[in-house]
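Dropping the structure in here first, questions after.
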Amino acid sequence: MNAPLLACGGLTMRFDGLVALDGLDIEVDKGETVGLVGPNGSGKTTFFNVVTGLYKPSAGSVRLDARDLFAKPPQVIGRAGVARTFQRSRLMLDQSVFDNIVVGALCRLDLGLFTNLFRRRRWRDELSGMVDHARALAHRFNPAIADRLFQPAGSFAMIDRRRIEICRALIGAPRLLLLDEPSAGMTHDETRQLMDDLLAFRQEMPDLAVILVEHEMDVIRRVSDRCVVLNFGRKIFEGSFDALIANSDVQTAYLGVSQ
Amino acid sequence: MSSIPSPIPVLSPLRMQRHPRVVVVLTVVLLFAGGGLMMHAESQIQVLGLLAAFLVTFAIADRTPLGQEIAAMCGDYGGFANGVAFVCALGLIAVFHGEHYTLLVLATVALFSTACIALNLQLAFAGMANFAGAAFFVLGSYTAAVLTAYSWIPHPLILIVSGLVTGAIGVILLLPVLRTRGHYAALVTIAFGLLLRSLLEVNDTLGGPQGMKIKGFSVFGLDFNRMSSIGSWDVSFYLPYAVLSISIFAVAFTLIRCIERSWIGIALDTVRCDETAASVFGLSIARWKVVAFLIGNAVIGVAGALYGMMNGFVTPNGSGLGDSLLMLSIIVLGGLGNFWGAVVAAMVILVIPEKLQAIQEFRLLIFALLVLAILLFRPSGILPRPTRDLSRFIGPPGADA
Amino acid sequence: MDPGIIVQYLFNGLMLGVIYAMIAVGFSLFFGVLDVIKFSHGDVVTVGAFSSLGAAGLAGGLVTLPPVLALASGIAAAVTIGALVGVIIGRVLVLPLRHAPGVNVLLATLMAGTVLREAIRLGVPNGGNPKPFPALLPGGTIKAGSFSVGIDSVMILVAGLLLVLGTHLLITRTRFGLAIRAVAQDGEVARLSGIDFQAVVLGAFALGSALAAFAGCMLGLYYHEINFNMGVLLGVIGFASAVVGGLGSMLGPIIGGFLFAGVQTLVVVALPISSAYKDVIAFAAIIILIAVFPTGLIAERRSERV
C-alpha cells in the first residue's frame, strides 16, 4: 500500500470562537482526483487555505509525501509542489496571458538581478522555453488562447480566464492541484467543456493528485475517483459518488432533517 | 490600414508603412524641437503658444487614426525611437551650447525625470507609495556634499556611493513595515520626509537652513565648472552637466526598462496586483518590495547627487512633503508606468511655471487640481503604460527593445 | 524642578493630547466606514481655524458683539464649514475612488488637502503669514501655589474632553452610531439591512470633520495664532495616533493621541534640547512606534475573502 501524497490528520482551524475545521482527516494518493463537497460554510475553502499556507491551522498535521507542511508559509508550500486556483478570479487583467501563466513557474526560474539585467541571452533562452511551454499548455485548453498569448488577459471571456488560471497552476509542474469551484460563473456547456479539458490533461499527468471543490454534482460525478463530504468542518462521508448520493447523512447536511 | 483617410496627402498611410523609421525619426525630432523651444522660450506668449501646440499635438495623437498610427509606430520601434531620442537630446545640447539657463533647465528636467522613473518603478510596478521622493533626492545631494568636502573619492564614484547610501536608508526605513498594509508604509515615508526636513533645518551639523556648499563635478582632471569652451566654440559650463544628466537618464531608463521586461518585472507586478496569489506561487513579498524600494531610492540618490553638484549647494528646502507630492504628481500626470510620459509631465510641472510668471503663485494649487482631475477622469494619465509584450524578445537577436 | 513648571508642562501635554485625539478619531472613523485614509483631514483643522477667525472677525466687524456671541458664531462657522468640506471631499473624491487602488485615494486626498491649504494661503489677505486669533474667552487665571493657568485654557481643555467623550457616546449609544458601526463592520450587509450606506458614510465624514474643525478653533483660542500650514503636521500626527492606537476603533486613536502628546512633552522636559526639536521628536516617535506596533495597539480588523 503506497503512502498517500497528501496526508492531513486532525486538522483544526479556529477563528476566535468559530471552529471552521474540526479534526479533519483527509488523504489523497498520487494520481487520484478527490471531489470535496459540502454545503456553504462547511470549510472547503478554509481547508484549501490551510493546506496552501494562507491560514495558520490551530492543530493537526499536514504532510506532503514525507514533508511536514504544517503552518509553513505559503511560499514554502507552493515551492514544494502545491498549486491552486481561486474561487474569485485572480488574474492580472492588464498583463498579457503569458505573463499571467508564467507566474506559476516564476519561483523555479532565475530571478536574480544579475541574470535578468546583464545575461540577457541566457534569459532569452529561458524565456523561449517558457513561451513554448505556456503555449503548449494553453493550446490544450483553447487554441485561441495560445494564438493570442501576448494579449491582455482581460480581453478574454470568463471561461478562458478560468482556463488561464488553470494553466498558471499547471505550468510549475505541481504534484498536488487544488481547484476551487472552477465552474463558478459559467454555463452548463462551458462547465462541460472545462471538465473535458481537465479529463484530457489528466491523462497526460498521471501522477498529479487533484482535489476539486465543486457544487455541481455532475462535475463531481464525471471527474472524481472518490468523494469527501464536509459539514461544519468535519468529514461526514467518504466514498464513491454513487454511495454519496444514497447517503442519508449527506442528504441531511444539504437539505436539513426531514420531519 | 490603407483605408484610413489622411488629411495630409504626403503622409499617406502606405508611404508611412514603407518608411516607418523615417516617420519615427521625424516625430521624435519634432517633439524634441518643441521641447527645446519651450525650455529656451523667454516670453510668456511663446510659452503659451508652445503649450497650445503641444496640446493640439497630443489631441491629434490621441483622437485621430493618423495620430494613433504614428504613435503605434513609435511604440513598435521603441528601441530605435529611444536611440533617436538620445541623439536628439545631444543635438539640443549642441544647439544651445552657449545658453546657461536653457542647459540648466535641460539638465534639471533630465535629473528629475530620472528620479520619476525610479518612482514609477516603486509605485507603478511594485505598488509601493513613496511619499518621501524629494527627501531621498535631497539626501543624495547632502551625501555628495559631505563626500566631496571630506573625502578624496573620485566624483563618478561619489555619485554611485550617494545612490547606495540613499538606497540603504530607504530599506532601513522600510523594514519594520514590510509585512503590513500599504498605508503604514505610506505613513512611514511621510514621517521620514518631514523628519529629514525638520532635522536638517534645526540641526546645524549639515549647515542648518543655509545648507552646504558642494564642489562641482570633475573627472580625470576635467572640472565641469571651469569648462568654457570646446575647441573654437564658447560653451556654458552647464554643458557637461547636461550631457552627464541625460546619460544618467539613459542608464536609469535602460536599467528600469530591463527590470520591467524580465522575470523580475512580472514578479513585481504580481506582488502589486495580488499578494495572496503571489505568495501561493512561491514569491516572497518582502523580498520584491525591498528590491523595488532599494533600486528606486538608489537611482533617486544618484540623480540628487549630480543635481547638488551642478547647483553647487544644497539646502533643506526642496525636501518637504509638497515637493515629494510634486514628484508623484509628475508620474500620475504623465501616466503611471510610462517613462516618456514622466518626461513630458516633468516639463509641464517644472518648466512651465518658471516661464509663466503669472501662475507662479498658483503653481501648487493648479497642479493639485490637475492631479485630482486626472485621478478622477483619466487615471491612466497622459500616456498609458505599455503592455509588456515579451514576444519581442524571442526571435533573431537584435530585435531587442 | 519647580512643580509649577511640571504642572504647566502636564497641562500643555493634555491639551496637545486632546487635540491629537480629536483629529485621530476622524481618521479612524473614515477608515472604519470606508477603509480609506483621508489625508485632507489635517487641513480641515486649518479650515476650521480660519473659518472661526473669519466669522468672529466678520461678526465683530459688522456689529460690536460681546465676545461670547463672537465665540459662538466662530465655533458655529468652523463646525459647519468643516463638516461641509469633509462631506464634499467625501462625495466628490473618496466615494468615487474607493474601488481604485488604495494609493489613488491617498494621493487624491493629499492633493485635496493641498488645494485647501493653498486656497487659504491665497484667499485670505496676507495668508502666507501667521494670523493673530482674537481672545474670545474670559481672561483671568487660576492660581495654585506656583502654578497658574488661564481660565480660558481650562475651558478649552474641558470642551475638548467633553467633545471626545460625546463622540464616544454618540458612536456607542445612538442609532446613528450603531449605523456607523454596522457599516464599519460590513458595508454590504449593512446596505442589505436597509441602512442608507451613502448617508451614513457622509454622516461619518461630517462628524469627523466637524471634530477636526472644532480642534482648529481650539488651537486658535489657545495659541492666539494660526497659520495656513498648521494642518500638515497635525494631520500626520493625528494619522499616526490613529494608526498606533488602532485604526477602526474608537478608543485606540484617543490613546494614540495622548501617547504622542506624552512622548513629545516628556522628551522636551527630560532632555536638555531646545523645543525646536519638538517636531523632529514627533516624527521620529511616529517611525519608531509604527516599527514596534505595525498593526496598532488595538489591532486593525481586516478580512479578505480568499
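Order as written gives the chain letters A, B and C; numbering starts at 1 within each chain.
What we mean here is this: contacts are C-beta pairs under 8 Å (C-beta built on N, C-alpha and C of every residue); 3 or more make two chains touch, one makes a residue touch a chain.
Quick caveat: nothing in here was measured; it's all calculated off a predicted structure.
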Innermost chain, taking as reference the mean of every protein Cα atom displayed: B
Identity of the chain that, by mean CA position, is farthest from chain B: A
Distance from chain B to chain A - Cα centre to Cα centre, in angstrom: 43
Inter-centroid spacing, chain C versus chain A (mean Cα positions, whole Å): 48
Rounded Å distance between chain B and chain C, as computed from the means of their C-alpha atoms: 36
Junction residues of chain B - those touching two or more other chains: 276
Per-residue overlap in chain C, given as positions that touch at least 2 other chains: 306
Where chain A touches two or more other chains, by residue: 54, 86
Residues of chain C defined as touching chain B within the complex: 37, 93, 96-97, 100-104, 106-108, 110-112, 114-115, 118-119, 122, 232-233, 236, 239-240, 243, 276-277, 279-280, 283-284, 286-287, 290-292, 294-295, 300, 302, 304, 306
Complex contact set, residues of chain A against chain B: 52-54, 73-75, 77-79, 83-84, 86, 90, 92, 94-96, 98-99, 102-104, 106-111, 113, 116-117, 120-121, 123-124, 126-128, 131, 149-150, 152, 168, 172
Chain B residues touching chain C - in the complex, by the definition given at the top: 123, 127, 129, 131, 173, 175-177, 179-184, 186-188, 190-192, 194-195, 198-199, 202, 276, 321-322, 325, 328-329, 332, 361-362, 364-365, 368-369, 371-372, 375-376, 379
Residue ranges of chain B touching chain A (in the complex, touch as defined): 255, 258-259, 262-264, 266-267, 269-270, 273-274, 276-284, 291, 385, 387-391, 393-394, 397, 400
